[in-house]
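Worksheet: the structure to be examined is printed underneath.
Just so it is clear, A, B, C, D and E label the chains in written order, and each chain counts residues from 1 on its own.
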């Protein structure tokens, strides 16, 4: 990693939100929200600056304390990290705006859940830290920061349902973290290093490595709610406050996916086989079908959206089997690799935006009608034009219909599937899309249906509606920079040591 | 220009007549005036035109036989138009009548002057469908029934026709009608294609066995409409046949014999069945079928190959001309006896008598001349059984005379008005009388070759004045008339029904309808059962709805999800996942 | 058998016991304690590897990691405990019930 | 001999862990947990990780144990009839039928068994050497401290430690989020207990001094901020229990400042260094020792205050319930 | 491919922007909405005309934007696309007028007109797409923009219909998606007209390309309502009349049919499709659909439902025309795109007029309606005769080409299918005509038609008369340069066979 330009930005990306989080503690609730919001917007700004920096200068690094790995920790901001950070900033920025107005409206007595702001800023810092980190243990710390923030945010409403869901979430998260950390311990024991690049070079196959790989993977799968470990997600996401649900679904679960992607692509070359990839893909496929079906069967709005997240995360898992070459295939002839992984990343972004918008809209609806039964959507179109548009657009993006971002993501995924010859995933994508269409249009159908009994829609702050709509529109607008983003990812030196080594097929002899 | 006027004027007349206020005269003049360009085209030879902008590039031109028929048609439409003007003066639906009348006229003219398939078919269809409005005009149940049967038959005919045209055009490689007969002669599928056309146009011609609609539809229409239906439109089918038939180019024994024998079947069958009718118009309709049989025979001869088309086709046209004018005269004449009184009745009866004679081929009429054309060609053909056919032809004069004298008898029974009255529509009738079948002998109509072929150097008048011929014609007709008179005179021999036809008009159609009703009822029931069956078969989406909307499904899936949420099962999932992955990676 | 191996074996056992506890225990408190046992297993593994090739001192990196880890685990556990207590306070439930 | 001791200790640890989870009563569980923590601390010592041992004993076992003990006052000590009636035997702490005897339980235990075997194989096969001892040793002089663990914690991997301080603060925020939105609960007078008062009077200075000792000597020997913080935190907890809620009597801003002092200073220092062109937490070598000491001190105070606050909040949950 | 022109984009924008703007209007801003609508519609017609003229004089209009690697948004104008675009934009203008009249005083007009505009954007987008992916994008966009129109009334029936509509179209879209991605995976980016790509690959990947063909076909077949994928069409006729008109005549079903044309001619190429026997399969399905739709139509008493089943049948003419190789059938198929559109839109307008003016929705209620609404029913009659294939109405021209082509290709069974269909068409359309003109009204109806008054609102009447006349004249003057037929012939000559 030497030779790459250093930049203070990675450090700032983590430090700055935390500084702001600390600052907010000093203010009265009302002011706290303002300071928090300002902080969020500044953080987003910082993230964009950093993103631009990477587009200009390529990968930049930062070594806190000035110590090089393996003893020190390396923060590396490459294209992948930059994209994730940018995504967090975009979605997070919108959600912050929304939250500012929403929380005040929900809880005017105490100035709108003042703890939201420090927690959210901490969460943001944690996410940035995670995306930047190049160190196994540091990753653990960041995911713990994220987990605690996420759960704390999830229980912010203080309702019993939220608390129970939160505890379930927290225990699952801790279990996942501990499994991950056990794997890290074994890896450290085997190699004496925690640095990802270094580890990828020195890791040797063997039971220990395999076992470590497995517990790390499974731990992360628990944290990203991959099937069959999605048990915590629907209750937690559906019981949280609307902006929190959006944050959790859009950003938090992506953290674990990010690590998984990095580890599998950069580090675990020696351990994984084609069949293992297939298994992960299978889990993803089941998640797609199961989650979509469950979403389709829900009668409560937020549970529906939450189950939809389970399914959408399944899509992300489905890129793993494609990224692992079957025996006898060399990376040179595998033309689907870059389309698959960039497509997966793109899918992450589009899902984040669409799902955030979806949750925010759901929050608006619930605020307006006072409950979250799906029936409440009746005649939504007549009463809340903007929100129904937001739901419609976000839903369309989730289904993956053109010209949404979800479409580009799904397009690339499907193309990867077909190019790689692993056609058996294609029906899953199709069925998933159909079921997604099923639940999205179930909502829209109700939105167009006439109201049964006259349940008045309470007025809702316009800001909320506009933010949700803006996000929904963004899920379409991201189609425009898609080409740029994908090129940016493809041309960068991501997975520098890892994917090259992995993809050259060198480590695939054992299957 | 004149070509387009021929079509456009009737169309304009049709639309204009609709808006003419009720009770006003003048629609007759408008309709008659609209036929003038056609009349002009029939009389004066005008070179053809091409209209590249019309349909799929249209050609309009006339050859001799079609010009003869156009003339006939124009005369009939003009007189019928005039006739209708006063005949239907007080009819509530006069406007509608004029509308359909005009449209039909346009179609009829158009199909005659068309020289390409597309425009021919277009006008043919226009005529077919527009005449539906004429048939149904009275809106009585019987008219409705007749009209609907007509429509069904017409559509069946159209289907055969379009098939024939597809095949013909394909084998000819050209849309020009003139190219079709040679192509059919060449093509191995020629006979088949012609057979399709035979059926398709046969409906209009009223050929056996497709004539059922005719005795129902022609009488149902008002008199002027019946006149054009039976006099002019029926000839459209004949023209169609003539367009397809490769006369003189082929020797299709089977088709030739088929046409000749079907023709004679019509000649006798229709004549005899017609005797049982009490409605003079039905009687006439059967006569039309019978007469069209003669023309079928003529064309059938042509398919045997030894008669050149330049001779045969004009001959057919001439026969058609004679029959057309006379038949129209008689049809319109059916409206007269109830309205014409006093001295005018003499004129009426003379006219009617002339018409009857002309159709039967009586002495000194155009019918004598045209029938001898048939005889000539029957004599010349080498078709097997020609001699028998000749005999039959002679015999047909008897049956025709019998049938038409029955017609006169039926008219005679109509009570005459008192006083010396004649309705306004008597005048056009007289005009038509004047424009009768004699014209068939005018040099203006007769192609030179045909004339010289038949009458040699002696000329037409000599032929026409030939005593022996006239005598033969006379006595054969007399036999028929005498039989009629004899049976009428002697009460105990008089079997002629007067109130109710002993057999219904439309003959076999009733059997068909009866059989059809017997079959249709269960069939319809079966189909509607099938339909309801189809309707009750859930589409794929319905099946999905049933599954997804059922309570049970949601119970099962929420139970399954609840199970997956239990920590034990998460643990089991963890270990299963772990173990499989571990085994895979080992 | 080296010392560190005894403890690394123990660490594996602890990890598995903890994991079993998470999945099988009912009571919130027990589940929380199970996660801590799991964590202890992990930390023990770290430290046991640290000990194996001690020079003048045992490998300090794992030790530092473990100290950090313990604090993180404790923070999580305290949070979980707060949740558990609050749930009990609000609903009287002390273990996860099957949700409708 | 040492193998024997270690083996026995290992067996004890495993036994305690199992018993802790299998004990039918929560009280037993919590006390076994204390014991487990102490046994583990012994194991750390056996492994030469004295810093870890102190941390374990202080925080994982001590502080957390106290929290559990405190929690016990909420939950029924033994399985009471109340739960059995309200919820069928399925999900309560049942003496008669442990969870692992149900069908999924059996399957799970089988799975665990297999998992254990594989885990042991994996652990057993860890190579006999590896690690960063040598690297640390080489760079130790540059770190400004002599205790290698402290060097790693506060210099080599200061970034981790800084984040970890954030985690502790987060822990407090999270606990606050659970309890409601009050930053500091209103103090309610508790009846004074003379014995407790004596204990407090006796222990406060000792704990304080010992903490300061650990903090200062953490530079060179075992000990450091966390350990010191727990001791200081213990003072706070004792004072609180004794009816002297220090945190509620000092001004709000001050308590908040105390809370964030550690991480805040650390971060500001980092930013200053960044501004000066260095990396985050890249101390100038000559000041490294001093800076680390300052950081440690401030961190210890912050952590202590945080721990007390956590305790107070949890304790307060209980109070609210009793109303 | 070199020159970039924003004109194609402008054509899309001319309806997209008004659509979005209308969405933001308030309900009562009638004048503004109408202005936007008409402005967009007229602008679109003008632009299409402009581009058409330019195209004829040899200009090329391309607009290309890369969305992702080999996911290129490309608008490219060729004769076939322009043909369809012209149809869409012209009929949109007419339908807009009609809809303004039809919805006067109705609810949610903003929404309606907004999606109406979006719908036509999608439709023109389909017409102008230069490659498979762009086509797909607009194809799906069409689904989405029509859904609110289908459920516009908001009744339970409409909402249920919308559900079915979506299941079919989204299902089809997904299958199409799979097929399109597959095509890209096998053959790389395919621009329309680059048939050589598939032709060169067919021997290498016969199985894959066969599967992909049928996947794409199935996806398109849903919108083209080919049996057994037609289920949505009769159900979705609950939509307001202008929507049905648009759905059945211009937008949705045509998108499917147009897609099939593109698939066979411009993607696989007629040669490959014939060689691999794809076409015979298509032909069988299309033929069956023709008969099936007609038979089902016979038994419908609901006016619009009968029309809907008729559409099922009629659209398959296009598919069948495509499936029979040969210049004549191809011409027939392409010209039927327009002819069927004109005739069917007339019919739906007429049905809408009757329902709107007298409230009659059942065929059994139509007795004597011709007397009361002569112009409307006159137009309907023309269209009905056209559907049967009676000359000189437009339908005859298409059927003539199709039938003649079938004979030429030796597919006599297809001729039989056409004949049977014509007979069935007559059997279900003529009774309507009969009732309208020749039956007396069952009961005394308040005579609304007074002298000097139109039979219904002018905005409802004018479109139906215009389309009626257009369906007559486009048959009557089929040989004239600029008629649908002549353009279709040119397309065929230029691009496929010569």
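One rule holds for everything that comes next: a residue touches a chain if its C-beta (ideal position, glycine included) is under 8 Å from a C-beta of that chain, and two chains touch if they have at least 3 such contacts.
On a predicted model such as this, the values are computed, not experimentally measured, just so you know.
Enquirer: What chains touch chain A and also chain E?
Expert: Correct list: B.
Enquirer: Could you give the fewest steps needed to travel from chain D to chain E through chains in contact?
Expert: Graph distance in the chain contact network comes out at 2.
Enquirer: Please indicate which chain is farthest from chain D, where distance is taken between mean Cα coordinates of the chains.
Expert: Farthest by centroid: B.
Enquirer: Which chain has its C-alpha centre closest to the mean of all protein C-alpha atoms shown?
Expert: E
Enquirer: Farthest from chain C by Cα centre, which chain is it? Let me know.
Expert: B
Enquirer: Which interface, named by its two chains, has the most contact pairs?
Expert: C-D
Enquirer: Can you check how far apart chain B and chain E are, centre to centre, with Cα atoms defining each centre and the answer in Å?
Expert: Those two chain centres are 38 Å apart.
Enquirer: Which whole number of Å gives the spacing of the CA centres of chain C and chain D?
Expert: Roughly 11 Å, centre to centre.
Enquirer: So, what's the distance in Å between the C-alpha centres of chain B and chain A?
Expert: The answer is 79 Å.
Enquirer: Express in whole angstrom the distance between the two chain centres, defined as the mean CA positions of chain C and chain E.
Expert: 67
Enquirer: So which bits of chain E are touching at least two other chains?
Expert: Residue numbers touching two or more other chains: 163, 167.
Enquirer: Specify, in ascending order, the residues of chain B that touch 2 or more different other chains.
Expert: Residue numbers touching two or more other chains: 565-571, 574, 578, 582.
Enquirer: List, in ascending order, every residue of chain A touching at least 2 other chains.
Expert: Where chain A meets two or more other chains at a single residue, that happens at 71, 137, 141, 144, 148, 151-152, 155, 158, 163, 166, 186, 188-189, 207, 210-211, 235, 438.
Enquirer: Could you list each pair of chains that touch, in label order?
Expert: Every pair of chains in contact is listed here: A-B, A-C, A-D, A-E, B-C, B-D, B-E, C-D.
Enquirer: Touching chain B in the complex: which residues of chain A?
Expert: Per the stated touch rule, the residues are 172, 207, 210-211, 213-215, 217-218, 221-222, 228-231, 235, 271-273, 275-276, 279, 283, 293-294, 296-297, 299, 438.
Enquirer: Residues of chain D touching chain B in their complex?
Expert: Residue list for chain D touching chain B: 99, 102, 104-105, 107-108, 111-112, 114-115, 118.
Enquirer: For the complex, give me every residue of chain B touching chain E.
Expert: 52-58, 118, 121-122, 125-126, 129, 133, 136, 139, 144, 147-148, 151, 155-156, 158-159, 162-163, 166-167, 169-170, 527-528, 531, 534, 539-541, 544-545
Enquirer: Which of the residues in chain C end up touching chain A in this complex?
Expert: 8, 11, 15, 18-19, 22, 28, 31-32, 35, 38-39, 41-42, 45-46, 49, 61-62, 65, 68-69, 72-73, 75-77, 79-80, 83-84, 86-87, 90-91, 93, 96, 99
Enquirer: Okay, in this complex, where on chain E does chain A touch?
Expert: Contacts found on chain E: 23, 66-69, 71, 73, 108, 111, 133, 136-138, 140-141, 143-144, 147-148, 151, 154-156, 158-159, 162-163, 166-167, 170-171, 173-175, 177-178, 181-182, 184-186.
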